[in-house]
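This is the structure I want to talk about, given as structure tokens.
Which chain is which? They are A, B, C and D, in the order written, and residues in each are numbered from 1.
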Amino acid sequence: MSAAHMTGAPAGTAAAESAAVAEDYTQTELIVCAAAELLAGKRTVFAGIGLPTLAVDLAHRTLNRDIELIYESGVAGAHPEAMAEGIADSVVVSGAESVVSMQALFGYVLQGGNVDVGFLGAAQIDRHGSLNTSVIGDWEQPAVRLPGSGGATDIMANAGEVFVIIRRHDHASFPAELDFVTSPSPVAARASGRGIMPQGHGVSTVITPLGVLRREDRFGELVLTHTHPGVTVEQVREATGWELAVADEVAVTAEPTVEQVRLLREEIDTVRLYLR
Amino acid sequence: MSAAHMTGAPAGTAAAESAAVAEDYTQTELIVCAAAELLAGKRTVFAGIGLPTLAVDLAHRTLNRDIELIYESGVAGAHPEAMAEGIADSVVVSGAESVVSMQALFGYVLQGGNVDVGFLGAAQIDRHGSLNTSVIGDWEQPAVRLPGSGGATDIMANAGEVFVIIRRHDHASFPAELDFVTSPSPVAARASGRGIMPQGHGVSTVITPLGVLRREDRFGELVLTHTHPGVTVEQVREATGWELAVADEVAVTAEPTVEQVRLLREEIDTVRLYLR
Amino acid sequence: MRTTESRERKLPVKAMELDEAIASFVHDGDTVALEGFSHLIPFAAGHEIIRQGRRHLTFCRMTPDLIADMLIAADCVDRLVCSFFASGSAGSLHEIRRRLERREPRPLAVEEYSHHAMVLRYHAGASRLPFMPIRSFAGSEIPGINPDIREVENPYGEGTVYVVPPLNPDVTVIHAQRADARGNAQIWGITGVQQEAVYAAKRVIVTVEEIVDDEVIRADPNRTLIPAHAVDAVCVVPRGAHPSYVQGTYDRDNAFYRMWPPLAKDPAALREWLDTHVRGTASHAEYLERIGEEHLRSLEVASRPSGAVDYGRRRAQA
Amino acid sequence: MRTTESRERKLPVKAMELDEAIASFVHDGDTVALEGFSHLIPFAAGHEIIRQGRRHLTFCRMTPDLIADMLIAADCVDRLVCSFFASGSAGSLHEIRRRLERREPRPLAVEEYSHHAMVLRYHAGASRLPFMPIRSFAGSEIPGINPDIREVENPYGEGTVYVVPPLNPDVTVIHAQRADARGNAQIWGITGVQQEAVYAAKRVIVTVEEIVDDEVIRADPNRTLIPAHAVDAVCVVPRGAHPSYVQGTYDRDNAFYRMWPPLAKDPAALREWLDTHVRGTASHAEYLERIGEEHLRSLEVASRPSGAVDYGRRRAQA
């Protein structure tokens, strides 16, 4: 995807400069920009905390003014004046279009099928996009106790699709089998034969430090579609704990532009909370 | 019960006059005053429309300042400046202590067990206090289509106890068998063997044009405890469609005082909406 | 296992005229909910449905009220889903009674619930749940005449629990005090079952007393009961709830409510009223002219302001 | 069939001091919910529970937050019921991790849910329902480690539906912007699961930034999330949510939140912090002195007023 896709870029020489590829950018900035680009055309986004906060804010400023930010704390249509330091930060409330009860948020907005994209993080992801955010090791006595579900299990079951941003790409984080299935893919849900099937697609997109994986089929596997600049397909396959499917044509992830990096550093995460 | 029971009556000659029995009062006023007296000591009252509105307002002014008026429209702690002409009248909202969602009202306030007394009307009542507000005749093609449940079935299942005010006392309204059980007594609920048992007592008190019936036992029958002035026990038994139980000592209902009648006519129902 | 059809996605809302919204979003044979518990009843929208001659509707409303008598008399409705068959203190709804007692001029199908059950049906609909449990109905004959009230075994104890199924209207119409142009709608006073009925529906029309600047809405986000993403059309219809009321703007027209039962008791008089006031007017503005400006002014209310609270704005922290 | 114990009846509320309220209403072995979703977390009440040395509590909170690390480190808690085990953006809760990963100094029992499941547990508790259905959990291993998440057959279709049981705390404590002396409490900003948690509880303590005149509350009844009949004690505790925040009054103490994980990673440092700031102070006012007035002033926010709406007052009708 080229910078010409970006709307709202000023015309002329300055525009050409700000649309140019940035000379220095971090891996985090690359990931955030890739995530932002994928939000073009999406309507309602359930924004988690951390890198998704940056991606959604960047997309809102550069690509998609109609994007509606929804937070599990009850806010729909947030217009934060400063970067939110949490999903229930006071700045997501002040000036928001609506604050509803958590029951309305989880019951009507999310479970009611009004969220196009949910953003989730994970410690582990499997080939069908099931996520583990509960434990490394055994649940009864874990090696690492992770945050657990929070809203993740609910988001996976109900959002139209789920984007995952994950900061590691190795056999520990992309294992053949999860230590614990917190938020199941539609494949895992179908296999269980219990409860109500997820109403959405499950994970459609995974953005990792090495590339981008996508799932086209609701019951299919993740497929490598992009490698980041300087990363080979073979590196990604070796870093993945299963036989990773690879697209016929693997593209290279677009590098951040000068303007994207400027926005991230100078307007969005001015305190470097997430851009570390 | 005597007028001396009434709190808040001013001292001295004027007090004696206003506490004296009124010389002219209507049957409606007698019923309303009897209902009001029974609200002494009650905390939260689910007020229906019609005579209960008058009884609750009168009790609030004369006997029990701590009574909290709850309306199924979502209002708890109403302080109407004018007589409410409906359970969702604007005057029950203006100046109220709270307005909650109907889900909170029916789910948390009522079904949650926070209502001490519910007031209901009925076209028919049986010996255990089951009520019919649905149809006279057959449901499929009724002789008279009545309002149906509204909140009545929910109130009967969940209020601590239920007061019934009924404007007729004859075999049609006190039949051996109801044409339709809209709001069942705990006796009927237990007999059905289905669903969740009512959490309250069911009907505790029935005020009719002839007297007052009460149920002491949650699974017991209505018992005649009071006859109105000039009414005999025999008259009440003859007007009832089953073998009516009678208390060992039947009292005579207290007549309205001058002050009660004045409040009803000059301060509460000034437009004679219900005092007809 | 069971999958549920997702809600239709809403585009950024466009404010439009009421007749256009009804023409676009309410179709013959639809299941239509007009909600508002005595307060904020969307009468203007109901009248427009009559003007456009919709047929074979399944009409959903907890308390049918006069609007049901009107829609049924205008032959818009085949089926009524509700929990009350009268008009509060104002008495009988005679068009409904004629249909049910004497099947005149033809029968009317009825699905009957209690109030709480209707609230829970909308809640289940909004939540895309297959059912909601309720403590009511043990020993009642209502489940006997409504096969959609069912039981499940309590998996935590003994016995069964009654449940009610979701209600998912094709269209829900509500009236609100105000909204912004995108459709974020604010309601105060009695809020009824509007939020649930809106989220339960495939399509949503909100009529409002006024459209206000975005900043008015965003200054007080807790009052936004209906977020824009749930709304398809927002229509400015001043006095759109008459003869019901709008808290803080105009009061219920109690004289109208008292006039209705004797009028509706005579089928010819009811139809004549519809011909004059609804079918004989091109819009709600013309309807209001028939009612009369002087009478409408008598319904205005005195002011009782809420006071303001502070939402705060972040300063740089130490 | 199943009967449910009725809620205890509330007497007209008496405002009281926080230490008296905790002494009266929170007992050893109780199930205690302290709710507030990042916003309005009742820290002062949690600290008073530590000061009074309550033991063997079952502690319920969707997002345990720092207050859980504190209560658990103070050995008040035997069992944790929650849906998240971290502190949002601020990272790990190390006291919880030590208990669960290494059982140091002793094990901690855990009941684990998702956020929506916790909301529904409080909702079922408040509604005195034996269960609430939920669309989540198909294919998740959470039901496998939590036998209280069960299934019922869908009586309207095929397959099963997961359900969660009611959560009925012995005591729920919340913090609100303001209340009247009877306990009618108003909250704006993020309202969390407070209304459900209050109605689900046998006893309820509400701490508030201020007690206001009845007329302030009654001017805006839609803001009263917690009606007085549900409240046992209302306690004035300014800055009672520190280090969390109160919309419109003071902001979250982000420096405190960032300080916590490294501090709590060292068990001795954590216990020393408790000794100094909680056990070593007689009241929340003293705690605030330790935090420092200058630092607290840096958390103040600029004004962003809501504007007022009109509730109206009836005039005589024509």
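Of note:
Quick note on the criterion: a contact is a pair of C-beta atoms (placed from the backbone, for glycine too) under 8 Å apart; a residue touches a chain by one contact, two chains touch by 3 or more.
Note that the structure is predicted; figures quoted are calculated from it, not measured.
The chains that touch both subunit A and subunit D are C. The chains that touch both subunit A and subunit C are D. Each chain gets a centre from the mean of its Cα atoms; the one farthest from the centre of subunit C is A. Centre-to-centre spacing of subunit B and subunit C amounts to 30 Å, using the average Cα coordinate of each chain. Note: centroid distance subunit C to subunit D, computed from Cα atoms, is 35 Å. Centres computed as Cα averages put subunit A at a distance of 58 Å from subunit B.
Computed from the mean C-alpha positions, the centre of subunit B lies at a distance of 38 Å from the centre of subunit D. Each of residues 1-2, 123, 127-130, 134-135, 138, 151, 159, 161, 188-189, 191, 195-196, 219, 222, 247, 251, 254, 301, 304, 311-314 in subunit D touches at least two other chains.
Those residues of subunit A in touch with two or more other chains are numbered 75, 90, 93-95, 99, 101, 107, 111, 189-190, 194-197, 199. Pairs of chains in mutual contact: A-C, A-D, B-C, B-D, C-D. By the touch rule above, subunit D contacts subunit B in their complex via residues 1-4, 6-7, 9-12, 123, 126-130, 180, 182, 184, 195-196, 199-200, 214, 217-219, 221-222, 224-230, 311-314. In the complex of the two chains, the subunit B residues touching subunit C come out as 49-50, 72-75, 85-90, 93-95, 99, 101-103, 106-107, 110-111, 130, 134, 139, 141-154, 157-158, 180-192, 194-199, 273. Interface of subunit A with subunit C (complex): residues 43-44, 66, 68, 75-77, 79, 81-82, 90-91, 93-100, 104, 107-109, 111-114, 116, 160, 189-190, 193-197, 199-200.
By the touch criterion given at the top, residues 1-2, 127-135, 138, 148, 150-159, 161, 163, 165, 177, 186, 188-189, 191, 216, 219-220, 222-223, 247-249, 251, 253-255, 294-295, 298-315, 317-318 of subunit C touch subunit D in their complex.
Across the complex, subunit C meets subunit B through its residues 37-39, 63, 82-86, 88-89, 96-97, 100-101, 103, 112-117, 119, 123, 134-143, 145, 151, 159-162, 188-193, 195-196, 245, 247, 251-252, 254, 301, 304.
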